[in-house]
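Listed below are the structures to be examined.
You will see chain A twice below: alongside chain B first, and alongside chain C after that.
Moving on to the complex of A and B:
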C-alpha cells in the first residue's frame, strides 16, 4: 500500500515538474535573441509569402494562445514538423532514439559492471600493486578529455590500423543488397565497437573510483568484522557483505548517467557520426530547426525525470532501510 | 585438560614509534562450562586478547610469542584457512550490537543461517529453519521477527540476535566483548540474564570482556584485572571482590558507586593522565599507587600465587 502511495505521489510530482519544463522551454524559445518570426521564416521570401507562412504556423496569434495550442498539441502527441526534414518531429526522434539507446545503454552498463567489479577488487587488495595500477588508470580514464580521446581512437584504430569504420552505424551496401540478418547485426556491432570502447574507457574509471571508495568505507564497518568472526570465506565477505552495501551509491550514479547520456554523448556522437539524438540536437540547434530542438529537449527532460524516478524505486528495493 | 590454555601471550602493534606491546605475557586457562572475565580500563589490552583468540588481529598487530591452545590445537601455528574454519564453529564472538554489528541489507534470520551453512554443509534448508527458530526462541526473539532487517530491531533485540548467531554452531568457546556496554540498564539486565541462562544450559567456555566490573561480577566465576597489557590480579569472583590484594583492583572496586560510598566515591587515576609508564622500568602502576615501595620504581613485580586460584602482580604481601 505504502508503495502505491509513494509511486503515485512521485508520479504527480514528476508530472508537475515536467509541465514546468514544458512551459519554460516554450518561453525560452520565444525569448531567444531577435524576432522569432524572422528566425523561423526564410528572409528571402516575399512579404506576402512570409505573412502566409507566419499565419499558417500560428505565429501571428497572441503568445497566450500560442502557448495553449502548444500544450494541447503536446498532449495529443503532436510535436510539430521539422523545418529541415519536413517530417513530424516525433518520427525524426523515434528514428534516432534506438541508435542512442543502443550505444549509451550498452556502454554505461558495461562500464558500471566492470567498474564495480574492478573497484571491488581494488579496495579488497588496497595498497597492493594491482590496486595502484587500477586506481591510477581509473584516474587517467576519468580525467581524459572526451573529444580528444574520441579523435585519437578514431585516428589510431579507425584510420591508421583500419580495423574499424570511421563513422556511421551501418555500411549502406549491405542494406541495399538486403544481406542476411546476422550479417547486418555483425555490421552494426562492427560500427559500434569504436564509440562503445571510447565511452566505456571514459566511464569505467569513475565507476571504479566510486566503488573503490565506497567499498573501503564499508570494509571498516563492524558488520564486516562480524562476518569475519563467523568464519565466512573471503569471497563471501567481499561479495555478499561488502560489495552489496558498497554498490548502493553506484546504482544512483548509473541511473543518472544513463539519463544524461542521452544528450551528454552529443560530442561522441558527433565525432563518430553516430546517428543519434545528441547529434540531431546539435544539428537542430545550429540549423534553427526549432521544433526538432524543442522535441529533443523535451525528450531529454522526460528521460532524466523518469531515470530519477527509477533510481528512487531501485534504491528503496535494494536498501531495506529506506522507507517510502 | 582445560578447554583453552593461553601461555605467555604477547601481542604488539607496529606503530610509528616502534613496537607497542598491547598484551604482555598473559597466561590463563578456561575449563568447559566456566567463564572468565577481563576487566580494565580502555587500552589495557583486553579487546586485543579477544581478537587474538579469534585470529582477527589487525594487519599491524603481531603475536610476538606465546601459545593459544584450544582442545589440544595450537591456534598460533595453524593456517589462515584452518583458523577460518574454527571461527564461528569452535570459537564464536558476541560483539557490541549498538554498533553496526549486523549487516543492514541482509535479513537477520539469513545472517544467522549463514553461520550454519558455512560450517555445516550437509544440512537441509528445513533443518536450518528449525535450528534458527530454536535459537531465536532460546534468546527470546519472537519467531515472526526472523525475517526482519536489523534496522527493524531494537538495540536489545539486535544484541539477542547476535547472541543467537554466536550460538548457532554450538561453539566450544564464546568471547563476549562489551556485549552490554551500549544498552540501557534495563535491557542490560535482560541480556545478562540471557547470557547467564545460556551459560547454565550449555557446556561452553565464556570469555567476558568489559570495563564494567559490576557486569563481570555478575557473569564470571573467575576474573582477571588488567592494566597496560598485563594481568595484575586474578582470582575467583569472591577472592577478587572480597579480598582484593592489588592496589589497582581496590581502586577499581572503590570507583564503583554503591549506596555506602556515594558521598565519598574515589575514582582512581583511571586512564593515565600521567602517561603510561610501561613495565620495563618497575611497576607500571607505581605512579598511581597509594603507598609504593622503593623497589616499585626499579623492578617489575613478578607473579605471586596466593592460593591455587588467586594470584597477583605486586610486591606487597598483605592487604592494607
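Moving on to the complex of A and C:
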C-alpha cells in the first residue's frame, strides 16, 4: 500500500515537473527576439501551406489559446513539421530514438557494472598501489573533455590503426543491399564499439569513485564487524555484506548523473555521426530548424525524467529499509 | 560566529593537511601552471600584431604548419599562432570557470539559507526546484537557448551556466543552515529582536560561506567543461578564443587527422585544468571530512 502511494506521488511530481518544462519552453519560444510564426513555420512553404500550419498551431490566436493548443498538440504527438526534412517532427525523432537508447543504455549499464566492480576492489584494498592507480585513473576519466577524447579515439583507433569505421551506424552498402540480418547486426556492433568505448571510459570513473567512497563507509558499519566475528571469509563479507549495500547509492547516482551523461552522449553522437537524438538536436540548432529542436529537447527532458522515475522505483525495490 | 573564527583559526593546520595530500599538491601545482599561462596571455601584445591570438596571421605561412622556431606549437588553418591561442584560452577558461562558479555559489548559498531557515512550504518548493534544475542537462539547455536567442556572448554563457548549476551548493548549505538554526547564538539574536533577513545574512551567512567556497572547485570544473563543449559545437562567443573553439576549428577545417600538433594541446589543457580543480576540491573535501583521509594522515 505504502509502495503504491510512494510511486504515485513520484509520478505526480514528475508530471508536474514535465509540465513546468513544457511551459517554460513555450514562453522561451515566444520571448525570443523575432516573430514566433517564422520560428514554427518553414519560410520555404507556399502561403496556403503556411496558413494551414499557423491554423493548426494556433499562432494567430491570443497567447492563452496558443498555450492550450500547444499542450494539446504535445499530448497528441503533434510537434509540427521539421523545416529540413519536411516531415512531422515526431516521425524524425522516433526514427532516431532507438539509436540513442541503444548506445546510451549499453554504455551506462556497462560503465555502472564495471565501476561498481572496480570500486569494490579499490575500497577493499584501500591504500594499496592498485587503489591508488584505480582512483587516479578514475579521476582522470571523470574530468576528460568528452569531444576531445572522442576525437582522439577516432584518430587513433579509427584513422591510424583503422580497426573501426570513422562514423555512422551501418555501412551504406549493407543498408541498401538485402544483406542477411546477422551481418547487419555485426556491422552495427562494429560501428558502435568506438562511441561505446568513449562513453564507457568517460562514465566508469565517476561510478568507481562513488562505489569506492560508499563501500568505505559501509565497511565501517557494525554488521561488517559482526560478520568478521562470525568468522565469515573475506570474499563473503566483501561481496555479500558490504558491496550489496554499498551499491545502493550508485543506483541513485545513475539518475542524478544522467544530466551529465546526456551532455556527453550528445557530443559523442555528434563526433561519431551516430544518428541519435543528441546529434539531431545539434543539427536542428545549427540549421535553425526550431520545431525539430523543440521536439528533440522535449524528448530528452522526457527521457531524463522517466529515467529518474525508474531509478527511484529501483531504489525503493532494492532497499527494504526505505520507508515511504 | 564561532564556526567562522574556528575555521580561520584552523586554517594553518588545515593547510598542512591539505599540502600533505598528494592530490592537493599535484592539483595546486598544475593549477599554478595554468594560472601562469593565463597571466602570460596579457603580455601577448608585446610580441607584435602577428602573434595576436584572434587576428594575428603569419603572412609567410597562412596555413596550418607544424611546430617551428617562430611558432613553437605550429599555426592554425589561417596561420595564427597556436601557442598564443592556448595562452589566451587559459585566460578565458579561468574567467568562465571562476565567474560562473562564483555566481552559482552565491545563488546556491542564498537559496540554501532561505530554504533551511524558513522551512515549511518555502523549503519544499525551493528544494523541488533544485531537484528539477539538477536533472536538466545544461549543455542541451544552452543549445536550445542559443538556437532561440542567436549567438550568446561570453558573459551570457557564464550566467546561464551559473543558474543551471546552483542546486548542489544549495543542498549542502541548506543542511548546514538546518544545524546552525538550532545553535544558541541564533536563538539569542532572535530574542534580541533581529529580523529573519538580518539573522540569515548577518549570522548564518558568515558561517556557511567558507563551506560554500570549498564546493566552488567542483562548480569551476563543470562550468569550464560546459563552456568548452558549447564552443566546440560552434555556439561559443565568436569574439573570444577558447580552447573549445580551437578544437572546433581543428574539426571543422578538416585538420583533425593531419594536425596532431593542433588537436592535442587544447584538449589536454581542458582535461588537465578541470582535473586540477577537481583534485584540489577532493583534497579540500578530505581536509574537511577526516573519514575520507588515508590512515596515518
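The criterion applied here is as follows: the second predicted complex is superposed on the first by the 293 of 324 C-alpha atoms of A that agree within 3 Å, B and C clash if a C-alpha of one lies under 4 Å from a C-alpha of the other, contacts with A are read in each partner's own complex, and residues count from 1 in each chain.
Basically, a residue touches a chain if its C-beta (ideal position, glycine included) is under 8 Å from a C-beta of that chain, and two chains touch if they have at least 3 such contacts.
Since the model is a prediction, treat every value here as computed from it, not as a measurement.
Considering which of chain B and chain C touches more of chain A, the answer is C. Contacts of A:143 after superposition on the shared chain: chain C is touched, whereas chain B is not.
Residue contacts after overlaying the shared chain place A:251 against neither chain B nor chain C. In the superposition on chain A, A:179 contacts neither chain B nor chain C. In the superposed pair of complexes, A:236 makes contact with chain B only, with no contact to chain C. By the touch criterion defined above, A:228 lies against chain B but remains apart from chain C after alignment on the C-alpha atoms of chain A. Within the superposed three-chain model, A:290 lies in touch with chain C and out of touch with chain B [touch as defined at top]. Residues of chain A that lie in the contact sets of both chain B and chain C are absent, per the superposition on chain A.
If you check the complex, the residues on chain C that touch chain A are 23, 128, 131-132, 134-140, 143-150, 221, 225-226, 228-229, 232-235, 244, 247, 250-251, 256-257, 260, 263, 266-268, 270-271, 274-275, 278-279, 282, 291-292, 294-295. Interface residues of chain A, counted against chain C in their complex, comprise 13, 17, 20-21, 25, 28-29, 32-33, 39, 126-127, 139-140, 142-149, 151-152, 154-155, 159, 213, 216-217, 220, 255-256, 258-260, 262-263, 266-267, 270-271, 278, 281-282, 284-286, 288, 290, 293-294, 297, 300-301, 304-305, 308.
Partner chain A is touched in their complex by these residues of chain B: 54, 56, 84-89, 92-93, 95-96, 99-106, 114-115, 118-119, 149, 151, 162, 165. Here chain A touches chain B in the complex through residues 221-223, 225-233, 236, 240-241, 244-245, 318-321, going by the rule given at the top.
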